[in-house]
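After this come two complexes, each holding subunit A, first together with subunit B and then together with subunit C.
And then the complex of A and B:
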């Protein structure tokens, strides 16, 4: 195949207060025309730095020491600004990581696409600008949203806009920088599906940067695994996932939570990437299970091995040797006696804005964002709250923690009613519910040392702190006393999240609310935090409300799962039966969207924009999106609750019928063509 | 909030602010020692003459009645009669306001250039020598009192290198070239005083916006640097500077008083000082109310502009 872009021996350093740090070392790879190449690795491994150089872009403090990026024979690193301007967007286009911050906030999205076409004079003959923009939006499965501002679109729609913009000039190469990281599982799958569809239709090459190997399994032809600025393995997607040759690839794959209901025996990764603890030899040596003394001193370079792959490890043969990923049935300790009830939420209804005086006079009511939630949590139990973004998961957590007074409904803890707002709750009640936020960077005070961050809640709740209290809690979350005198910015994301967990644990809460606490972390770090939470649950019998959109993680941790869609509970079930027999159509949709480790030809059943929006609180919120809709009944009448083995479902179709009727292949196929029709129209 | 609703609520708040200001002015002037009738007729006036005048000026009535009377007149556009000159205040104020408006408009135009250009140069070349030099200059000017700056400019361009008139006296007979020449020094002084703070705010917000993801994407779309700067960066960076500009307009009112004095410019500011020195209470009331209205109005405009520049603020949450 014809080479489109070739990276040769790229070395990049970042300048900082402490001098230059090498972030990319000796990276070489090539991408053929029309090929999808994935670059995977933990955060800080240099994958994005490499990707942006494909556009001839680097931050001011980075410096290319050696290397070439040859695109059609010209070195992008030596091009002057004007020639780069001509290439960027036109022949090499970027799909950014975060569409919400990457679209200009004050400009209609249509103008942003128009600007791209106009700058590169890429309007096809015989077409008006308006037609072309509508065509592009249709290509990515959007209606004509030209006149919308970015904030009027959902995250998934915004990402579709950036993709439409990126393909507007029919580029040869699309650079995708973690394009689905901020999106929930179903949207993520739709975007991945859209991208592979676009690839077959337009035939452009892709460089796909991500930390999510499971995603690459769906889209990449070949994958390069990066560790500490070096490529440690390059192989075809299938080969890499089924038989990883490098110990790091192996650990990375083992860290991925999967939905097969079993636990892998292979270990996940231990430790974190620390650039200050690099050996002169193999960079991965400190974390490697296969390391020998030779590894510490001998630098490893990427060497081709059999089957069109290369690996940078002297011991790869032992690593790749059959050591099958045996699946062991998960042994769950049966719950012996029903423990006492800890938290109960009854008929909870929430809305954001209080009705104003005018609204009251006119008898208007604000639409509630969350309706009729009944939830119970026993001591020591982990209940997961799952659903797509915007389903009201965090809103419920806010109400339980007292930051959003409910419009209706009662929240009680250990049988005692909890006052609706934080300021009315007693110190004791506040202590018993602790909250851990999604983003530890934002929830830890950057100007305080860990010691003072941890002492603060102790003082606040007037708790006695012994000599070793802080050290003991740090040990509980897998850190040592040396962290006490550090500042949050000196910690990695995973370590910071551990501190946040430690802070919550210090005051001996009965209930931890974990609000998407894993989504900002790398897979390997995620796997270890899940381990930590499991051990905490067993050791300290602390109950958790675990909010997540990642069903694979939920499966590893939760006892019961509550499935939420647009503010209503669709299903409540124990984890095992939910995964084996999802019953509710929405749960099925969620389960199908979770990516596995094999290319599965997933076809989204959901239109990009739900066609009909049922009036909130009237019919079933899923009406118009549900693959099993029963006529207009669903949109008009509130579905009844059916009791199931481990909980309930809310659906017009009785549970036994749902269980017996699996979706027929014909249905799947017709749903598939539907999806394509959306793209063509 | 929709735009009309937002507009209505902001206008309502502005009106309320002005109402409170009117009460405050009235109370302060009421608390001042001395008696208006005595001041008009002099110390030798007879008690009878004073009483008659007090009656004419409604000074014998309770304060609340007089306040309502004054407010009513004011709202109807009747500003009263100046005690010092005996002329209608509206007649005295009119031409002075026009003069000051001309000066302010001139100053504001210079201000826009003076604020934008250095800030953009700094943000684009952040960390480089030119950035540091401009920073030092703005800091220097920021710490300079306005009358001193006015005097220095006066010395430089009217005395040392006499290319501009030292006194900005204009009259109805002046041609517009004469007026423009006369206004250059006061206008430049005002513009510099306003711009130095705005430059700092604009520089910082522009640097932040230039680091944003959407500016990077705009750059990687292959847009020319000029398009990135003016279409994507500047409109978003200007919002924080807008509030500064609104505050600056407030400064303009205060600055006008001093700068007009230094250059003897026959504007609103000199009139305000005269009114205060002469204890011409109706004139003081009128001038202070008008400056308050200008200040409140400027902030209203800035709020509305900020909403227009940020569509996110437009839709309800």
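And then the complex of A and C:
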């Protein structure tokens, strides 16, 4: 294969107050023409730094100590600014992580694509600019959206626009920096599908940077695993996932939650990447299960081993030795006598804006964000609330916690009615419901030490605190007393989330509301927090409302799952039967989108841009997107509830018919035409 | 050869040489100027070559000499002694006034930003009304309204400085509080059922400290000008206490006869304000905040 770009012994350091920190050390790899190379690693391992150097770009305080980045024979690190400008966008293009911030909000997306083509004079012969732009949008599966502003497009559509910009000049190399991280599972899969589609059509090479190995498995030919600024393993995607040779790769793969409904025996990673605790030898030694004394002192270098792969570990043979990957069936919680009901939510309807006086006089109502939610939680039970972003998961949690007074509906705890706002709730009621937020960086006051963060709730609720109450609770969440005198910024993301959990547990709540508490964390950290939550559930019999968009995590933890779409409960079911027989079309879509650890040739059944949006409150919210739509009925009439084994579904199609799992082509077609015509008329 | 980012260990170490070398230049210059001022003021409070109100220490209007580096005024008082003694008065009035304005403004601003609603509306309209009056006019009206019994008292000057500053500081504090109020740790405290005061002072204030510190030192830098202006107009400290603005006012008709008598207090005020400004500029750069220009 012909080399397109080659990185040789790249060393990059970042300058700071305390001198230079080596961020990338001795990284070498190459990408052939048309090949998709993936770089994977935990946050802070230097993968993005490497990716940006492929565009000859570095931040002001970074400094390339040694190394070469050879692109078609020229060293990008030695090029001057003008020649780099000519190269960037034209032959090497970038798809950034967050399309919302990388598209200019004040410019129509058409002109942003036009800019790209005009800068590099890359208009193909015999084509007008307008035609080319429409062609590019068609290439990424969008209709002509050139007159729209970025905020008029959804996240997935915005990312399609940035991809259209990137491929506008038919680049040789596409650098993708976590292009799907901020997106929903279903949208993620669509983007991945689009990218592999584009690759076969345009034949460009890709450097795909991500922390998500499962997604990488779907797209990359070869994968490089980075740890602490070094490449520790390079192998083809399939080989890496089936038989990782480096202990770090192995741990990373073991940490990924999968949908196979079984618990893996292999252990995930312990500890976190700490750049200030590096041994002189192998960087991974402090966290490695295979480490010997030799590892601590001998630096490891990437060495080729059999099968076109290379690994930086002296003991790779033992690591790679096929371990019995015993899939132990999950021992589900014993079905004991029905425990008493803890929380019940009835007919909950929520909206964010209060109806103003004018609205009241005119009899207008604001569209509600969440409609008719009925939910029940028993003591010690974990119920997951699953749905895409914007489906109202967090809104429901806000209402239960009392931060958003419901427009209609009742919330009761242990039989007693809960007042709608925090202000009216008694101290005791407040204590019993504890809320854990998504982002631990934001939910811990950065100016307070852990000790005062933890003692404040105790004092507030007037709880007895013994000498080692704090130590005990820290131990409970896997930390030790040494953390008490630190500030949140001195902790890693996972540790901070543990502190947040500890703070909630400290006051002996009956119900924990976990609002996407894993999504801001690395996979290896996620796996350990899930482990922690599961042990807490067993030990303390605390009930949890677990909000997540990640079905794989949910199946490891939850007893029952509630599937939410656009503010309505589509299905309620116990976890096991949800996974084995999803029944509801939307649940099916979600399950299909969850990536496994193998290439699964996923083909999205959803259009990139729904032709119409279902009107809220009328008909089924899924109408227009549903693969099994029944004519115009779905868009017009609110679907009835059908009771199933462990819950209910909300659909026009009866449960037993759904269970037969066949999507007839007529249904598909009618989804595209009938439903839309009705809505448009 | 692992490099270490040892930030946590020296986080609270007070100014070491290492830290001094990485601070911005303006901060160093400003800090040195302020230090000189403070030492000078402390010295002047305890010892001066002549008494600050002592008349006939030499030939009036005789110009600068070794005995009288800043000359003598119309009634033969040593200007340098008066200048030395006045230093601590200017500094103390500035600090006291700014602190008063800071306490009032911060409290009102944080509450207004956090509570919002009608409380915020009312507070902000009052604040806007006060800011729309030119600060000197507001100060003079307040002094006149206080009546002759209080005129010239340091307490009144402090109050006036506080009154002029409080609305301006309120706005800054409110903006900071509104931003911080959306953070999740505030939501955590709300969910715990904490009261308004507890949330404002435990959760919001520590996180607004950077903004407020910069605002404080910025306001402090303008305080000597305000106090000097009041003194110059005759509404400041009661004579013969040698406040610098008052001294400039007293000696301004000697500008031709003995210009050196005005230079001292003028340069003193200028260097103090410049020192404060440089200090603020450096401080805000270190804290990553941008000061709002203008009074």
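Here is the rule we go by: the second predicted complex is superposed on the first by the 659 of 681 C-alpha atoms of A that agree within 3 Å, B and C clash if a C-alpha of one lies under 4 Å from a C-alpha of the other, contacts with A are read in each partner's own complex, and residues count from 1 in each chain.
Keep in mind that, in the parts below, contacts are C-beta pairs under 8 Å (C-beta built on N, C-alpha and C of every residue); 3 or more make two chains touch, one makes a residue touch a chain.
None of these values were measured; they are calculated from a predicted model.
In the superposition on chain A, contact is made by A:120 with subunit B only, not with subunit C. After overlaying the two complexes on the shared chain, residue contacts for A:403 are found with subunit C alone; subunit B is out of touch.
When both complexes are overlaid on chain A, the residue A:105 reaches subunit B alone and has no touch with subunit C. By the touch criterion stated above, A:631 is placed in contact with neither subunit B nor subunit C. When the shared chain is aligned, subunit C comes close enough to touch A:460, but subunit B does not. In the superposed pair of complexes, A:162 makes contact with subunit B only, with no contact to subunit C. Residues 55, 57, 81, 84-90, 93-94, 96-98, 101-107, 115-116, 119-120, 149, 151-152, 162, 165, 352-353 of subunit A are the ones touching subunit B in the complex.
For subunit A in complex with subunit C, the residues that touch the partner chain are 13, 16-22, 275-276, 278-280, 401-403, 422, 425, 427, 430, 433-435, 437, 439, 442-448, 456-457, 460-461, 486, 490, 503. Those residues of subunit B that touch subunit A in the complex are listed here as 212-214, 216-225, 227, 231-232, 235-236, 309-312, 315, 317.
Looking at the complex, you find that subunit C touches subunit A at residues 1-8, 22, 183-185, 187-194, 202-203, 206-207, 209.
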